[in-house]
Each structure stands twice: as C-alpha cells, then as structure tokens.
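Listed next: structures, encoded as structure tokens.
In what follows, subunit A forms one complex with subunit B and a second complex with subunit C.
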Partner chain A sequence: MFEFCADPSILPDWQWFACYLTSGTHWAFYRSFLVVILLLIITAPMALGMGMLGALALRSGFAPVNLLGRGYVNLIRGVPDIVFFLFVPIALGQGIEWVLHQINCPDWDQPIRQGNDFIVCREAKMPPVDASAWARNVYGFTMAIIAFALVFGAFVANTLYGAMQAVPRAQVETAESYGMTRRQAFRRIVLPQMWVFALPGLSNIWQILVKATPLLFLLGIQDAVFWARELGGAKTSLYTYPHPDWRVWYFLALLVFYLFLTWASERGFGWLTVRLSRGQATAEGERLRRRAA
Partner chain B sequence: MKKLSLTLAALALSASGAAAQDVVRMGTEGAYPPFNFINDANELEGFEIDLGNEMCERAGLTCEWVINDWDTIIPNLVAGNYDTIIAGMSITEARAEIISFTQNYKEPDPSRYAALIGTDPEVINSGVIATQSNTVQAGYVAETDADLIEFPTPDETIAAVRAGEADAVLADGDFLRPIVEESSDLEFIGDPMHIGGGVGMGLRQSDNELRATFDAVIAEMKEDGSLNELLIRWFGEDTPTF
Partner chain C sequence: MRTCAESFQGYVLRPLGRDYGERLLPRGLDITFCDQLFLIGGGLLWNIYFAALAVGFGFFLAIGVALMKFSDNPWLWRPASGFVFLFRGSPLFIQFFFFYSAFILLPRTGIDIPLGFTTLTVQTSALTTAQVGGLFVLILNTTAYSAELFYGALRSVPKGDLEAADAYGMKGFTKFRRVIWPNMLRLAWPSYTNEVIFLTHSTTLVFLSAFPARQQSGEAFYYARYFVDQTFNPFVAYPLVAAYFIALTLAIIGLFGLANRRLNRHLPQARRQRIRFRPQYIR
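Let's look at the complex of A and B:
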C-alpha cells in the first residue's frame, strides 16, 4: 500500500503498523465485515418472506397446507441450527446435481452413489466444472443465504402467527360487520395491526441472526471471525509481519463490531415500534395519543 | 457387439472428458506453515502450494486452490467441492477407508512434544496434551494416559500451551520447529516419535484416473530430484529426502 512497506523488518513502529494493517489479508478482513452485513441485508427480508408464508400456512384452514406449515416450523425449530446449516447446502447441492444428471445424462450406467462418493456426469456438475472462482463464491454464498432464510423463516413464522392471533378479535368482527370478506379483513385489519405485536419477537430473531453469522465459515465462506482467528494467531518469520499471539485485539475488534450492530438494531427497532404504534389500541399507542393531545 | 460399441463409446467419452481442460480443484487448509499457509498478501504459500503447482504444470492440468477447514476437509472432498486434498495429511488406514491416497510426497516426519521452558517431561504421560483434532497425533495421545484437548487449528494448540491450558503440544516436528526456534518461551521435550505414514495427496476413491496422473508425476519428481529440492527449500537441510 505504502512505498516504505518494501522491507517491513527494518521499519519503526508506526510505519510497521501502517503497513501491517493494510496488508492483503487485512483488506480481506475488512471486506469480510461487509460480507456479514450483506448476508444480513439479504437474509432478513428472505426470512421474513419465508416466515410470512409459514404463518399463512399455519393459519390456513386447508389441512394439507396447515400440516405443511406445522411440519416446517416444528421440524426446523426442533433440530439444532448447525445441523441445518450443514445439511441444507449439501442436500440442496446434491439435489440440483441429481436433477441435472437425470436431464442431461440419461445414458449414464454407473450408480450415482459409489461408497462415500456422489458421482454425477460432467454436464450435471453444479456449479459447472469450468465456472470461475467468483461464480463459485456466489454459488456458495447463495447456498448460505438459503440455509439461513429457511432456518430463520421458521422462527419468524411462529412469531408472525402469534402476532396475527394477538390482533383483538373485536377488530376482525367489526370488519366483518362492515361486510368485508375474510380475506379483506385479513389484508386491511389484521396485517397492518399485527406488526406491533410481532416486533419484540422479530427483534429477538434479528439479534440471533446477527450472532449466527460466524456459522458462515462452516459453509466455506471466510467471515470476520475466521479472519480474526487467522490474523490474530502467532506468526513466525515465515510471514512478512511476524508477531506474537494478538487474537485478543482482533476479537476485541469483533466485539466492538457486533456491539455496534446490536446498538444500531436497537435504535432501528425502537424507531419502528414508535412508528407502528401510532393509532394502535396498545399501551404504547395510547401513550403516543395522550402526548399528542 | 452392441455391448462392445457401448463400451467403446464410453471410453471415447471418458477420454474426451479428460482431454477437455477441466479445472482440478485442490483443497488445502491454509493454516499449517510451512506446508500451506495464507501469506500477508492473502495468497497461498508453502511447500505444498509449490509442489501442487509444479505437479499440475507437469501433468498439463489447470489447477485452482480452495481453502477448507481441516475438520471438514475429507467430507467436502467426498461431496465433490474440490478434487484433491493436499494439506500435510498423513496416510493412515482409517483415512484410506474413506478416500484414496497417492504415494507419499514427503517421508514421515517425527512428531515432537513442545512445552514451556522448564516443564517436567513427565507431562507426556500424565499431563494435558494439546493437539489439532482429527490428526494422527490426536489419535496417539488418546491411546496414552495423558489427557487430550483438541483444537480445530494448529495455531490454537500453541496458544493453549502458552496460556497454560495445556502442559504440552504434540504436532509434526516440521510445524513446531520454526515456532520453537523463534520463541524464547518454548522448548522440545521427550524424544521424536514416528506416528503415521508419509504425507500424501488425498482423492475420491472413484477418481482413479486423476490419482494415476498425480502418482506418475510424484514418481517423476522423486526420480529427477526436483521433489528433494522443494523439501530442502521449505524444511531445511536435515529433512528426510527421497
């Protein structure tokens, strides 16, 4: 980065640190924070969408849909997250390859499973054999997002379902007496009012999602925790910047980062609570009304 | 006759498959200097990186490196996330049941115990010994009377000894030597021991063609002395050569 970085072993302290903190691995470390934030930004709406579908399925009077919703929510909530984070990408990846294999290679005469190996023909490989490293990273990241969205969607489904049930029955009855259909009453009355009941639960799930991001490394993505461990470890003179065990400083940086995320989310959810409580028949809504009056 | 033509077609197909420039993906840990590690420029470096690149060049293959956690390095090979493991992996019977190995590209290196200076060598038999999980050393300590604590990365085993969490660490001598030589607080204790076979490249058991290719290149490099050159460059003059 800087011109004086050519031979770091003879540099005074501040220059050494300037070079050290701008090395290739450190840039990767800084980028990994963005990866974490990117994952959160993409996963949260997806989990919310999955959760909404799940909640609707749970409310459904149609037995198969209801059963599907209950199965999804209870299966995922009952099994350790880490199992799903490992299972989803492998199962999904092999599932895609299996389907492509059936389509592209109908003449294949060998078994797909040979002992421990999962063998599909060349055309069925996913990502394709000639894919660039960049494409492979995107594929891996997508798998991770799907795994996160599936797992957190189940928790969101239950929270939203509870919130929908919490909307006072009298509100729905009033809507019906105005002549609204069940669907209209849901869309115009239940849906806008449920968010305020869902917020505490959703903010919990958001915080758990934030804390679950280090599991990314299990899926082969180098996240901030991986780099903190890698960079903080003692380095011999084989490296350009030898140093003793500095993990405590790197983990301290992580602590600050995650605390900052928590603080920012708390502010965000606080703002949302006020915003959504306006005109609501809840304690917070009443407080807002009195203050305005 | 029909069967014969089918076989021929299959042969032609597999031949064309090999001829097409498939990318061979090489899985490594990237945390085990001087075998393989990520240098400060965020590039892979080390004995096995040099060796792997040389082997691919000789075999006319396009190779790409993939970094993977040690603990899941075998499952991810079997799942097809990459095609070879070249990560300082000792050839053992237990591993050979799941994956297959090429011939060794490095003679077995004695494993050593390292501890804080002044530690009673008796801890080897009665103390707490740190190792990296799923290594031959972890298997060895589990058989002794000493207590075993395992860590996912090799670096953490050293940190555990320095923090007093473990009395000593057992690891490949090649990995420990630079660390002990450069630090003022560590020393070797006990005698060097031979655990496990040489270090080889791991492949899926069904990948016979690729294994034969790499096997031939390793044999060639042993023959012409270029492997010895690499070994001496990365492990010093005293390292066992072929």
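Let's look at the complex of A and C:
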C-alpha cells in the first residue's frame, strides 16, 4: 500500500500500523464486511418475496394452498433456525445432486448412499468437478442465501398476514360495494395500506436478520468472523507482521460494526414509519395530520 | 453393532465427560440410530444447565437493570440503557467470540486484588471453559433482553393500582413488593416466557462459537453436527435435535403457563393474558 512498507520490522509504530492495516489479508477482512451487507441486501427482498407468497397462501381459500402455507410457516417457526441454517444447504445440495444424478446417469446401478457416503456420478456433482474456486464460493453463498430467505420468509409471512388482516375491514367492504372484485380490492385497498401495520414486525425481523449474519461463518463462508479469527490469532516472527493474540480487538471491531448496523437500521425504520403513516387512519397518521393543519 | 440398551448405557451420560460412559464417540459406519438418539438426548442436559442457570441469575439481574433504567437519576438509567443497547444490538454469536478471546488473555493464575490487610485472588482459569465463561455471556445476554421486557412492563403498571397503594400509605419497598413487582411480573410474563424459549434455543450456539468442548462433551446440537459430519446424512440427526427442542419448548410453555395462571389469579377470566408462543430464535 505505502512505499515505506518494504520492511515493516524496522518501522516506527504508526507506520507499522498503517502498513499492517492495509495488508492484503486486511483488505479481504474489509471486503468481508461488504459480504455481510451484500447478504442483507439480497436476502431482505427475497425473504419479503417468500413472505408475500406465504401470506397469500395463508389467505387463500383453496385448501391445499392454505395448508401448504400453514405448514411452511409453522414448521420453520417451530424449530430452532440454527438447525435450518445448517440443514437446508446440505439437504438442498444433496437434493440437487440426486436430481442431476437421475437425469444424467440413468444407467448407474449402485446405490447413492453407501454406508456413510453420498455417491453420485461425476456429471451430477454440484458445483461441477472442474469448477473454479470462485464458482464454488458463489455456490456456497447462494445456498446460504436460500437458507436465510426460507427461514426469514416464514417470519415475514406471518407478519404480512397479520398486517393484511389489520387493514380496516370496512374499507374492503366499501371497495366491494363499489363493484371491485376481491382481487381488485386487495390490490388497490389492502396492498397499499398494509405496510404501515407490517412495519413494526418487519423492523423486528430485519434486526434479527442483521444479527443472524455472523452465522454465515458456520456455513464455511469466509465472512468477517472467519477473518477476525484468522487475522487476530497470534503471529510468530515468521510472519511479516508478528503480533500477540489480538482477537479480542478484532471481535470488538465486529461488535461495534453490528451495534452501528442495528442502531442505523433503527433510525431508518423510525423515519420510514413516519413516512408511511402519512394520510393513514392510525394514531401516528392523525398526529401528522394535526401537526400539518 | 451395539444394541439399543448398550447405546443407552454407553452414551446417555457421555456428554458429562468421558468418565461417564464410552471413552470415544461412535464413528463412521459404527453409528446406529440409537447412538444418535441417546447421545443427542444426553447433550440436552447441558442445554438445560445453561438455560436454567442463565435464567435463574438473569431474572434477578434483569429486574435490577430494569429498575435502574426506569429511575430518573441519569447516573442509574444511562449505564443501564447502555448495557441493554450493547447486548441487544449485537449478535450473541459475536459476544461469545469477544468474551472468549478476552477471557483467554486473563492471567491463568488468577488476579490479585490487594485489599490492604489481605490479598484476594480471583480465579480466572474457569472462565475459558464453556460451562463458566459461556454461562457468563448467556447471563449478561438474557439480562439485557429481559431487562427491556421488565422495563416495558414497569412503564405500563396501571396508574390506578399505584394510586391505591399511595392511598393506603404504602411507600418505598413495601409499595414495590406488594404493588409494582406483582404487576410488573404479570404484565411481562408472556413475553418473558418467549425470552426464556429463545434463550434455551440459543444455548446451541455455545459450542459452535469459540468455547471448546473439552473431552467432546457438548450440548445436543454439538452432537447433531458431529453426527452429520460423520455420516454425511442430515436427515436423521437434525430432525432428532429439532424434535428434542420442540419437546423442551413445550415443557417450558407448560411450566411458565402454570406460573402465569398464578400471577393472574386475581383477575376476572376475560382479562387474563394468555401465553402465546411467538418464536424468533436468533439474537
């Protein structure tokens, strides 16, 4: 990074730290914070989409769809989600390989589960045998995102379902008496108004999602926790930057990062609540109207 | 192959240490269904240990912190709010890592605190074990979460009850013990039940983070993960551990439901708060 970094062992303190904190592995550490943010940005809309589907299934009058929605929401909410975070990627991975195996190698005569091994033919391996390290990382990350979206989708479904029920019934009835179909009334009346009711629940789920991101580490992804452990551990003089055990400082930095993230999202949701309450038939909306008048 | 009875004898108490059953865990092709059933079930002992002790200590600490946060004195409510923000705003998983890496920096021999006439030695070596250090983090964590619940309940103690207490001439501790405290507990109880459930579920994180499982003695989820690593089959161990946790959750709901009935026994039927199970597991 800096020119004077050629031989760090002779540098004075501040320059040593300037070099140390800009070394290649530290850039990987800083990038891993972006991975956390990336996960949040991708997972949140996916969970919202899953949640919307789940809520619509819960509302559906068609019995099998309704049952499916209820099964999904209750199963995931009833089991500790750490189980799901570890179960979904491996189960999904084996499921994909099994399907590919059935398609690509129909004349394979040996069983797939032999003792404790899960054996599929070469063409069915996912990610493919000759995939690059980068592709393998993306595959692992995608699995993690699916697991997160599945779990948080169930939480969101429950919140959105409650919010849809909370939209005043009289408004829907009025819409229907104007001749709107059930679908039109849902799209024009319920959908725009439900968000203000959903917001407290969604903000809660978002905070939980933020605090769940370090669990990526358990899925073998090189996230902030992984790098904090790697970089913080004691380094002998064999390394360019020898130092004693500094893990506590690295984890302190992580702690501060997460505190900032939750604090900032609290502020963000506060702003959003005010914004969405405008013109709503709620106490907050009434207060905004009075203040403006 | 072991029979089920042999598995039971060998593994049900194995989570307590290698002196309480087979020295080694079952490995590879040697793993039977009964091994998984009993070893994971035995691991549940540690989940109960962590949850019960953390709730036991955390309950009283939380009431203290909630009262501090509720007070008008900035020297009391500021540190209490800071503590609650710190532990509710950061992931428990990171808290485990942070505290573990701080504990291993403490001197092994203990810290000497000179008191003038004598020197007090605080033993610190135990803090690097999950059974003490992990429990310590769990206590702090549940204290923060429960304090926030109790603080909310303190704020919604009915005004009429407080006025009635004043009218009877109650003051200070008497007023707290006979009016504020029962009301606070009653109001906070349904959400406190949920908090206890979340805490029980988050005991699965103790051995997944930095704290080492000495002699391979860990809690239920630690063994579930061990079995999945060994057999590469997630469809047995994970559903098993999930079933155990559902049973544990139902037991907690039953137990706390009894307490809830007692706390609400003076109210007319319709006004009683029921416990609703609203799981949100991660903290």
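As a working rule, the second predicted complex is superposed on the first by the 293 of 293 C-alpha atoms of A that agree within 3 Å, B and C clash if a C-alpha of one lies under 4 Å from a C-alpha of the other, contacts with A are read in each partner's own complex, and residues count from 1 in each chain.
We adopt the following convention: a residue touches a chain if its C-beta (ideal position, glycine included) is under 8 Å from a C-beta of that chain, and two chains touch if they have at least 3 such contacts.
Everything quoted here is computed from the prediction, not taken from an experiment.
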{"item": "Combined model on subunit A where subunit B meets subunit C, clash or fit", "value": "clash"}
{"item": "Partner chain(s) touched by A:133 [first = subunit B, second = subunit C, both, neither]", "value": "first"}
{"item": "Which superposed partner A:25 touches (first subunit B, second subunit C, both, neither)", "value": "first"}
{"item": "Which of subunit B and subunit C A:70 touches, first, second, both or neither", "value": "neither"}
{"item": "Which superposed partner A:220 touches (first subunit B, second subunit C, both, neither)", "value": "first"}
{"item": "Which of subunit B and subunit C A:90 touches, first, second, both or neither", "value": "both"}
{"item": "First, second, both or neither for A:245, with subunit B first and subunit C second", "value": "both"}
{"item": "First (subunit B), second (subunit C), both or neither touched by A:119", "value": "first"}
{"item": "Contacts of A:237 with subunit B and subunit C, given as first, second, both or neither", "value": "first"}
{"item": "Subunit C-contacting residues of subunit A that also contact subunit B", "value": "90, 94, 115-118, 217-218, 229, 245, 247"}
{"item": "Sites on subunit C touched by subunit A in the complex", "value": "28-29, 31, 85-86, 88-95, 97-98, 101-102, 104-105, 201, 204-205, 208, 221, 224-225, 228, 230-235, 238, 241-242, 245-246, 249, 279-283"}
{"item": "Interfacial residue positions of subunit A with respect to subunit C in the complex", "value": "77-83, 86-87, 90-91, 94, 113, 115-118, 155, 204-205, 208, 210-215, 217-218, 225, 228-229, 232, 245, 247-248, 251-252, 254-255, 258-259, 262-263"}
{"item": "Parts of subunit B lying in touch with subunit A, wherever the complex brings them together", "value": "10, 17, 21-23, 31, 33-34, 37-43, 64, 67-69, 72, 76, 78-81, 98-99, 153, 155-156, 158-159, 162, 178-179, 182, 204-206"}
{"item": "Footprint of subunit B on subunit A - complex, ascending", "value": "20, 23-25, 27-28, 90, 93-94, 109, 114-119, 122, 125, 129-130, 133, 217-218, 220, 222, 229-230, 233-234, 236-242, 245, 247"}
